[in-house]
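A short write-up of the structure that comes next.
Per-chain residue numbering starts at 1, and chain names A, B, C and D are given in the order in which the chains are listed.
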Amino acid sequence: MTAADSVAPLDLLRTMRLIREAELRLAQLFADGEVPGFIHLSVGQEGVAAGVCAALGPADTLASNHRGHGHALAKGLDLERFFLEIMGKAEGMCKGRGGSMHVADAAVGMLGANGIVGAGLPIAVGSALAHQVKKSGAVAAVFFGDGALAEGVMHESFNLASIWRLPVLFVCENNGWSEFSPTARQLAATPTALAESHKIIARSIDGNDVIAVHDAARALVSEIRSAGGPRFLECRTTRVRGHFEGDPQKYRDAVDAARSEDDPIGRLERRLAADGVPAADIKSAERDAIARVDAAVARARAGAAPTFDAALRDVYANTEARP
Amino acid sequence: MTAADSVAPLDLLRTMRLIREAELRLAQLFADGEVPGFIHLSVGQEGVAAGVCAALGPADTLASNHRGHGHALAKGLDLERFFLEIMGKAEGMCKGRGGSMHVADAAVGMLGANGIVGAGLPIAVGSALAHQVKKSGAVAAVFFGDGALAEGVMHESFNLASIWRLPVLFVCENNGWSEFSPTARQLAATPTALAESHKIIARSIDGNDVIAVHDAARALVSEIRSAGGPRFLECRTTRVRGHFEGDPQKYRDAVDAARSEDDPIGRLERRLAADGVPAADIKSAERDAIARVDAAVARARAGAAPTFDAALRDVYANTEARP
Amino acid sequence: MSEVRFGQAINRALADAMAADESVVLFGEDVAAPGGPFGVTRGLLDRFGAERVRDTPISEAAIVGAAVGAAMSGLKPVVEIMFMDFVTLSMDALVNQAAKARFMFGGQYALPMVVRLPHGGGINAGPQHSQCLEAWLAHVPGLKVVCPATVADAYALTRAAIADPDPVIVVENKSLYAVKGELPESMPNVTIGKADIARPGRDATIVTYGAMRDVSLAAASALAKDGIEAEVVDLRSLQPWDETAVLASLARTHRLVIAHEAVEAFGIGAEIAARMADIGFDELDGPIVRVGAPFMPVPFAKELEARYRPDATRIADAVRRTLA
Amino acid sequence: MSEVRFGQAINRALADAMAADESVVLFGEDVAAPGGPFGVTRGLLDRFGAERVRDTPISEAAIVGAAVGAAMSGLKPVVEIMFMDFVTLSMDALVNQAAKARFMFGGQYALPMVVRLPHGGGINAGPQHSQCLEAWLAHVPGLKVVCPATVADAYALTRAAIADPDPVIVVENKSLYAVKGELPESMPNVTIGKADIARPGRDATIVTYGAMRDVSLAAASALAKDGIEAEVVDLRSLQPWDETAVLASLARTHRLVIAHEAVEAFGIGAEIAARMADIGFDELDGPIVRVGAPFMPVPFAKELEARYRPDATRIADAVRRTLA
């Protein structure tokens, strides 16, 4: 796949469904005490992950944030090792040391989810620097939320990417919330105004329209590859669930979260149906996703706990474990 | 003095002359080994300090940066204690513990020069928060360079000031240089675009025209007091000397630094002469400044060295000195 | 006397300080309308209003930087950094500004500000949400660092921190927030820098703080069954720390163990040990043994984190080792 | 063998590493066209070109953050933070990202990156341009920290740091840049983590590093006049540090002094002392004495700074005290 090719809408649906089913299962596993720590779900935001990642090639790199399940799966992270990781097992992508907030996969250029708001931005900038220096033609992308725009390192990263004309795609998932506070009360600027102040070409789109996301991302990635320099894409989207699982969302109007007409999956399904795609094909995306998730969860449940000594040995590359 | 009153041009000249003579003397003292450490002079930039500080009242606070001599003197810092400090004496403003980069005077609301690029911005924001909470009607101002615009904390400070509508005047002294590198190669944005992206009303003016600076600062300060919220003022100016004293400036075109028609002092003097101000009055500003500097330096030279035990006692307010 | 949770005790201390002094203001991420990520600031916005209790953007550098400016201009700001791991983003304001302003400006400015830093593991929050970095802050002249371990101290040390004219870091162990304990109706004033003998004993001294106080007490109970009477000294304040109390205890027991949740290497325990190996050398009848986290990031998986955090067995074993 | 300055030795190490490996790139404030604030990177832009040697904006967080991303994507970045005091602005990238990436991602990623941090006083640069904060970094699992004291080590440790697959901090004492010394034509490979016996002796061990190596040697010379033979151990690497070498020296001398320029309390010396008070307890015949800066910010005035920095007299007195 080269990034310029458009991915078929049915494939985008399959990706979104996989993310959705994986996360809904995680919600259940979390409620049942099978997932330690805390998890942030991207239910309602799958269109962004699916649309953007389908515009990236295997050599392109991706940095993510705390709400990174969808980004990771869309970039191609193995589903079984995804569940193994989040359930804290030895065969997890990160050997059970990171969990939900740190899923990563070097094999598919996934540089990691990240527990520090904003931290993915300079990492993507550095990755883009590597692509530029090595003249690999690859692009680095980074997902971050609207809340992350308040962090100073966002500014430094935009500036550095702009002056060095680095091949980086900044993707802001604007869901209107920073944890329990509406971002409107936290940010004076609009996302695109910030990017544009740094002379970064910026677009803002409906992030719940996966086709629109995909088209915009493809166009921007191809501009980055041909013309050079960073691009910025704001995807307006909806955080359907709480900030993390277990968040009672008392601060939030029930209506806001539940506008089902915004659901990127439902929207694409309706569109496919209207375009004459057979109902069975549409339905199979869901069925297949559930089957894959079932299998992955079964495998993950059977996974062994990590061992402490193995963990100690991975603090450094080549030194002995220390007591 | 209320900030709304305009300060007489001759007084602006006197302030600029005082800064100029004080700094030229510091250059000499530094070359002679009488000033320890390193010093950053604002020769050529005096119009900014004089024009802005004349628009502030005694209750207004001011945060500054590494190139802060002019800001401090314009805000009213005692000249003798200024020299005592920079020469490292016990009776210095800061008892010889800070030196050139840390001149401060609580009595005149001068919150300190600062050795950390960008650090003055959130300090001014916090000071403005205090003014707002205490409904004192005071304004906090902060001087910083064009290079400081690259720091993340600038962004965070602009945003916080904007959403909380804090009474703060951001003054960017744009001299085109960050140490030994032209800022044009370091910053994608223009200063005003950055401020405006945060919905901060911004102006850019000729910083070497002290009357223009003063008028703009007065207008902005009065807007802050009446309408609330931050304002941003870019003053385009000229760093005549090296980044610090002793900098051979090999990186820099000799012509660039020496355009004497830019000199804010010369410009004001010519204007005053054209306006019919007697030559003797104009000349007296220089003469008086030199006399004051002579006296201050003599006093500072005679100052005693600080004692170590006194320093140890000031690490905390109320604890015993520790060994 | 009432039974409250550790987090509620901090809440009460904040409320009482704000009621007593108008210049106390509160800001941080989600501390106002949402009542704080751990509920510690619940109700304060309603009670004290939007001028004094504010939600901030996700801007850790500006939060602490603004606290510095506010403290220099007449307020007593109490700010929260949601997890101590994120103080990595505030270090300039804390270390180069807050810590140095009094000294560097010749004593002209007081910096009465408080930074609350929830630290520690135990909730499988992983490598970037569990760290104990207090040793960094204790190394910085100009900062004070306290770490309450009991409900009463949570109240008292928070009040003391706010009343203090210098910048004080209040380190709060997240795993303690829900712990219940007695809060006396009227609290004695606590002086920052005084340790508490949590349990007297004659055979060995365990110096500890924060969440490891209870774990050390459990270790002491276990040791008592074998006839070993360990004295548990809860430091309460890490900078300054109560050298006199530790030395006095050592002079009674002649054996020293230091336990904390932070990484052992270059942690708080290193300083205690080093100081006692100097001024307390003649009192020592056995090696100084430290118990802390191993030299690795805090791991996520339940089994890993459980093994990572010091427990009563490891502390008891350490006591046995120094007695051997 | 040639005589070069300490700063030039680092320059040569950078140049040799860049010539040997195309993936080594350099960036930082004023490191390219201006050749570095202390001239350490002079000539490298001309030799290796603008792709690999870059001036950055004043953005310490992004500099180290970008180094992390670059290291994860196939480069070996060497970045400079102009004064160690400014690393306060880079701590998230260093501590939460660089240090943890290998571990936290299950060993999938290597982080071959180097951060150069000039530290220390002696030039009256004042409280915000003189700090020695290496103890913070040594406390962070996943980081390595080296600190050369000689011209040869400046070269060798810089090369070793660049060759290392993990993030390495190179701490460079500013007051050493101009010091001259011998640089062997071909340098032996230096392993990070090995100390150097700078002077053998049988009566007491002085453990030190960086600029205090020469000061400790001066103290040893002074002591020798009184018949006291002090062994000077230059750690060279602070994380990991050479416990074996220090313990072996202690086993020969039975007296231990630790000297560094950083603030004594919670400094590097605390860990050395603590560890020796445990595993070396039976070897100790006297108190462990530390010599470091007092608990105050680095003061500006000449007289204050001179008194602030440890000198040979204080180190010699410490040796006498532990022998008393």
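Methods note: a residue touches a chain if its C-beta (ideal position, glycine included) is under 8 Å from a C-beta of that chain, and two chains touch if they have at least 3 such contacts.
Computed from a predicted structure; not experimentally measured.
If you take the mean of the Cα atoms for each chain, which one ends up farthest from chain A?
It is B.
With contacts counted as defined, which of the two, B-C or B-D, has more C-beta pairs across the interface?
B-C
Between chain A and chain B, what distance separates the C-alpha centroids? Give it in angstrom.
Once rounded, the distance between the two centres reads 45 Å.
Distance from the CA centroid of chain B to that of chain C, rounded to the nearest Å?
39
Using mean CA coordinates as chain centres, what's the gap between chain A and chain C in Å?
Comparing mean C-alpha positions, chain C is 36 Å from chain A.
At which residue positions does chain D touch at least two other chains?
Expected reply: 56-57, 59, 61-62, 85-86, 89, 92, 96, 103-104, 126-128, 141-142, 295-297, 299.
Can you list the chain A residues in contact with two or more other chains?
If we look for residues of chain A contacting two or more partner chains, we find 96-98, 102, 114-116, 150-153, 156, 159, 163, 185-187, 311, 315, 322.
Write out the stretch or stretches of chain D touching chain B in their complex.
Against chain B, chain D makes touches at 29-30, 33-34, 37, 55-62, 85-86, 89, 123-129, 294-297, 299-304, 307-308.
Which residues, counting only chain B, touch chain C once they are in their complex?
Interface residues on chain B, with respect to chain C: 61, 63, 85, 92-98, 102, 104-107, 111-112, 114-116, 119, 121-134, 140, 152-153, 156-157, 159-160, 163-164, 311, 314-319, 322.
Quick one: which bits of chain B touch chain D in the complex? Just the residue numbers, please.
36-38, 88-89, 94, 96-99, 101-102, 114-118, 147-148, 150-152, 178-181, 185-187, 251, 305-306, 308, 311-312, 315, 322-323
Can you name the residues of chain A that touch chain B in the complex?
Going by the criterion above, the answer is residues 150-156, 158-159, 162-163, 185-189, 193-194, 196-200.
With touch defined as at the start, can you tell me which chain D residues reach chain A in the complex?
Listed in rising order, the residues of chain D that touch chain A are 23, 25, 51-52, 54, 56-57, 59, 61-62, 64-75, 77, 92-93, 96-97, 101-110, 141-142, 144, 164-166, 193, 240.
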